[in-house]
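Letters A, B, C and D mark the chains as written, and numbering starts fresh at 1 in each.
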Amino acid sequence: MTLRKILTTSAAAGLMAVAGFAGSAFADIKVGFIGSLSSDTGLSTLRGAEMAIEELNAAGGMNGEKIVLVTADTQEDVTEGVKAYEYLAETEKADFIISGSIDDVSLGWMPRMQEYQIPTLDTWTSSISIIDMVVKDPELMAPYFMNIASDEALATLYINFGADVLKKKMGWDSVVILAEDTAFGQAITGLVTEAISPVAGIEVKDTIVYDVGTVDFAPIFSKAQATGADFIYQVSSVNSQVISSQYVKLQVPMPMTGVNVSALGMEYWEDTGGAGGGISTLSPVPSVGFKLDPVSADFVKRYQAKYTSRPKMPHFNGFNAYYGLKQAMAAAAEVGGFKDAKKWSKAMEKQDLVLKLDGKMSLRYGFWGKDEVEPVTKRTYPHNARFDLTAPYDDAQPSMVVVQWKEDGSVGVVYPFEFATTEFTVPSWIKK
Amino acid sequence: MSAKLEIRNLVKKFGGLTATNDVSFTIEPGQSVGLIGPNGAGKTTIFSQIMGEHPQTKGEILIDGKEISHLATPQRIHAGVSRTYQVPRPFSEMSVAENIRVGLMPDSIWDMITRGPNREREVEIASAIGLGEDQLERLPSELSMGDLRKLEMARTLATSPRLMLLDEVFAGLTVNEIAVISDLVQSMRDDGMTFLIVSHDLKALEPLVDHAIAINHGEVIAQGQYQDVMGSDIVRASYLGTA
Amino acid sequence: MNLRWHHFALWALFIVGMFALPQFVSNGTLRTMIFANFLAIFAISWDTLSGRTGYISFGHPFLIGIGAYTTAILTHRFDFPVEISIPIAVIATMVGGLIVLLPALRIKGSYFALVTLAMMELVYQLVQVVRPDLTGGTRGMSGLPTLTRGAANGYYMSVSLMLAIALSMWLIMKTRLGTALSAIGMNEEAVSGSGLSVTKLKMTAFLMSAFIAGLGGAVYIHYLGSIAPRALFDINFVFTIIVAALIGGAGTTIGPIAGAFFLTFLLEYLRPWLPGAERYMVYSGLALLIYMYQPKGMWALMTQATFKSKIRP
Amino acid sequence: MLQVLIQGLLLSGLYALIAVGFTLIFSVGRVLNLAYGAYLLIGGYAYFYFAQTLGMPKFAGVLMAGIFGCVLGLLKFQLIVKPLKGNHVAIEISTLILAVFLQSTVIFVFGDSSKILLPIIPGVERVAGAAIPFSNLFAAIASWIILLSLWWFVRSTHMGRAMQAVSMDAKGAAISGVDANRVNMFTWGLSGALGAIAGVFFASYTQLYPGMWVAPLIIAVAVVIVGGIGSIIGTLIVAHIVGFLEILTSAYIAPELRGVFTMLLIIVILVWRPSGLFGREEL
């Protein structure tokens, strides 16, 4: 079984290489994918891009030019990421690069993007520090776009969840934060701590920082319980399965919510062997359990018909890649290709796609204007995906939703209420 | 060329085991002394204490009246004492010339870099020890056991010692090779070198030494003129294993 | 000194060839060669300590990391110019490495290897925890000043540095110091028995190695433009450096260079066929085979083929 | 207090289980098997494939993991360790390369996203505010039983004494009629099986991912180095020192400094007393 898989995969890889090579010889528009080829995250972006390209080519390509896709694996390694970007730029001479890279990998190749000035779209990285670079040096960063809401926006909306659900509905008054010792953990913790007591009226009893290699969370959970807080707020982007599955295995008698990156995909249930019930996390949209508009639902249907391996359903970045690539091509068609990155950038800024469900705004793929100040956070987000932080979310989709996995393996959106498909509950082992 | 060696109350303990117990002796400049005793008597341990490879637990070692017991091995070598090993372990991937070169090096990194090797001196030492010029570029693996012993002595001689400790110099050699090494030691004696020699081959040892120190169980049991020592009952008994 | 005119002729040919290369190859290939040059520098640094004296370092990124982080923090947080921060980084690597690893040089073999490995892990964890406002924590830092732009410039910079280091190391190793260092690797006891202070020699080897690692690490980081702890203090990075030196031929100067180029190009040329992590299967499988067949590396294999009698089994 | 004690014992038991196989190889073969972590990796994935993907009974999954580990151990000995004839540095380096090879093979076959294993024995009991998952309790008790029986085995059985003889002096053992090759085969196979089974428990408590060989390797190295070569009881004791150090750091200092103290412990012990706390003095 395994051997056969190896054989078929290598045969397929060989064929793909031949096809890719043959294709590249006649290519007019070359799209480079940069990301991990063996992670769900990377594959979501890759496949979203693949499907968009297929559709575009079926419709005659970009201004009549055929679009081909080349890939470069980052293995989620920073140095490999730099090499991969160089490979796409120098050897493949890609016209446009679509990225499913994780944060530190994107930050790693960013100096190369600045050097080559190749139009680049990030679909997964949400690091606000990259948007800050755009603010600081819009010229240098002109070819760069990020069509996921940056982490600051994610955290901001999360505070509202705290006020509306955790405080008002559940009646919780105090929290203990369990954060990993990463920059992501630090950023989110900072945002939450600063805002959660004044805005949501929840007292932060303690912040416990743990190292991402932690093997055993038992003493950490004990420490959290000892604070006497009403619930745990976790911030976990690396090895998130460990903390969530140990939470379930140890049946920690304390509710837990927060950010858990591993719970963002349909595979979460399978990957945790069913030991993931009760975990809730914020997720960029469209998340698992998110009610999809007809266009997106059709995309997922065709996706599932086309791919049989993981991920079963594209993560949010798969949607971002699918729509984002089409927008990039539309912008290129407008200005006669990708050669003039500045012109393309101007056209890309104007791209705006609104997807409606039952006549209401469901998803919007557009970007913040250069000087447009977001009213809640009172700052600008140039080249960042447009999001809306206030109900009724009529300008764009919310920057995030909160999803919760139930103990029966189902998953649904619990917040914002406008998008909710299920209600926020605590795991059954917690006696109230 | 000569040095005086004084050993005072040398004690060496390995864990609970006492390897040398209160060993004292003196070797006058220019003397050649045989260190004899049965297997495991502590001969090699005495060598390694003199060289500082295994520092003594107690006692003192003096060269020409100067205490060296607290010095590191290289400094003891600069004080004028040098040894060979029972099993020759040359630098296996270096030529004969390079092996000698290591012995000739000054202990100064700067000198090592700025000054090239002294080819003449290398050849001189090699030929003094009986290694032909054609052998200089050979690897140790291409040498006979006798030549390996010579190489060992050459590297030791390169450090310009005034006192040489020879450990089982005749082990594994043919009669002819023994004769060559023996001549070599003889001629160095004539030049005034002080020797302390360990050998099981008493026949080969006899012509090379004038004095002897016999030890057993880590203690000196007899010392004096070679013939006297060899003639003493206690020494005979120790060799027969009855003491 | 065993210097012959044809050695210099070969070096001259090599240097001229390397500098002429940008005329003949594509920018993509040049980019790959830049990484090969840096890997060669790190492999030479590793070889200076481990290949020669036999003190195997499993924590070499520890040294590279001190250099890289020092210059990254100085330029990024305190706006030091690169010309000042790089020399400081080199000195910091030598001093910092010495303070930390000096006690370790008295232990041998596997134990030394383990201390260096533990050192690397320790620094990896500390970098993320201690003063993340300076080090950038887990994400590291992006947008560091770069020394050059464009493939050709980057290539000339890296190849000059690599050749300068390689040539000086080759010359130093040709002196009696090189002989003495190799002697430690063969029989440390006999070196001190020849009146040489082994500690002093090991320290010299260590300082040279740290100098190269610090310099290479600092310039490397200003080539990349970003720094991340996960990319530096990583067992896979150690692995790449050691394998480059060993596959090429430890204890020689040309070996680590050859190994670095061979491995970097192997990975890069496999990319169109095996875009993902499968490349590492081929890479490590091949490395294992070569190493098991000839632990002295490809350089020995080649010389073996040409002068059968000169090489010992 | 009791809570810390319970948590400490459970984690230490897991660490002891991880270190057992490593101790065995280090004391008999005297080689640092840097691919030791790969046994845990292979064991974990074998269990995942057989028990979770194919749905075989859990016990069969653990058994398959053990078999895979054992075979890997034997192959490693025959193909790498034996041909290198006791060249320690070469063995360390080639086992390191092997570990990377196995890691990329696992990525190739299973992908590199991490997976969570179901607990081997489901269920959890609370005592004094500390949760005791039955799986971990089982792992801890198993590690004590395995280590103590290993201690007994080495002392009292023919094979055990042969192993001791080989570990002290391979040549001498050969002269006295011990078949060193057989002893080594036995040791490598056993070490592989133990490592793979430890991998199932380790992965089922944490997660299964291709890079998971590094952390257990470091734990095993820490335990064995600090404990000292060939000291089985030392292994048991030091696994508890390392485990409790981690729990105490998490509980009373700062969880993020968890690994820092373990690394410091290794460095200090190696530099100050390379033979380990309980090892024989040699080197």
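As a convention for this text, contacts are C-beta pairs under 8 Å (C-beta built on N, C-alpha and C of every residue); 3 or more make two chains touch, one makes a residue touch a chain.
Source: prediction; values computed, not measured.
Q: Select, from C-D and B-C, the pair of chains that is joined by more C-beta pairs in contact.
A: Taking the two pairs in turn, the one with more contacts turns out to be C-D.
Q: Whose C-alpha centre lies nearest the centre of all protein C-alpha atoms?
A: The most central chain here turns out to be C.
Q: Measuring centre to centre, with centres taken as mean CA positions, what chain is farthest from chain A?
A: When every chain centre is compared against chain A, the largest gap points to B.
Q: Quick one: report the Å distance separating chain C from chain D, using the average Cα coordinate of each chain.
A: 31
Q: Provide the C-alpha centroid distance between chain A and chain B, rounded to the nearest whole angstrom.
A: Chain centroid spacing, chain A to chain B, equals 74 Å.
Q: In angstrom, rounded to a whole number, how far apart do the mean CA points of chain B and chain C lie?
A: One centre to the other, that is 41 Å.
Q: In whole angstrom, what separates the CA-based centres of chain A and chain C?
A: Spacing between the chain centres: roughly 37 Å.
Q: Mind pulling the chain A residues that touch 2 or more other chains?
A: 38, 75, 181, 211, 213
Q: Could you check chain D for residues that touch two or more other chains and list them?
A: Answer for chain D, listing residues that touch two or more other chains: 107-108, 112, 256-257, 259.
Q: Where does chain C touch two or more other chains at once, residue-wise?
A: 125, 129, 236, 276-279
Q: So which chains end up touching which?
A: A-C, A-D, B-C, C-D
Q: Which part of chain C faces chain B closely enough to touch in the complex?
A: Against chain B, the touching part of chain C is residues 1, 172, 175-177, 179-180, 182-183, 186-187, 189-198, 200-201, 204, 312.
Q: Across the complex, what residues on chain A touch chain C?
A: Residues 10, 13-14, 17, 20-21, 37-38, 71-73, 75, 77-79, 82-83, 86-87, 90-92, 103-104, 107-112, 114-115, 127, 129, 133, 181-184, 186, 211-213, 238.
Q: Which of the residues in chain C end up touching chain D in this complex?
A: 54, 56, 58, 103-104, 106-111, 113-115, 117-119, 121-122, 125-126, 129, 235-236, 239, 242-243, 246, 276-281, 283-285, 287-288, 291-292, 295
Q: Which stretch or stretches of chain A touch chain D in the complex?
A: Where chain A meets chain D, its residues are 2, 5-6, 9, 36, 38-40, 75-76, 181, 208-211, 213-216, 218-223, 225, 239, 241-242, 245-246, 249-252, 262, 267, 271-276, 310.
Q: For chain D, which residues are in contact with chain A within the complex?
A: Touching chain A: residues 3-4, 7, 10-11, 14, 49, 52, 107-109, 111-119, 124, 126, 129-131, 133, 135, 202, 205-207, 209, 215, 246-247, 250-251, 254-259 of chain D.
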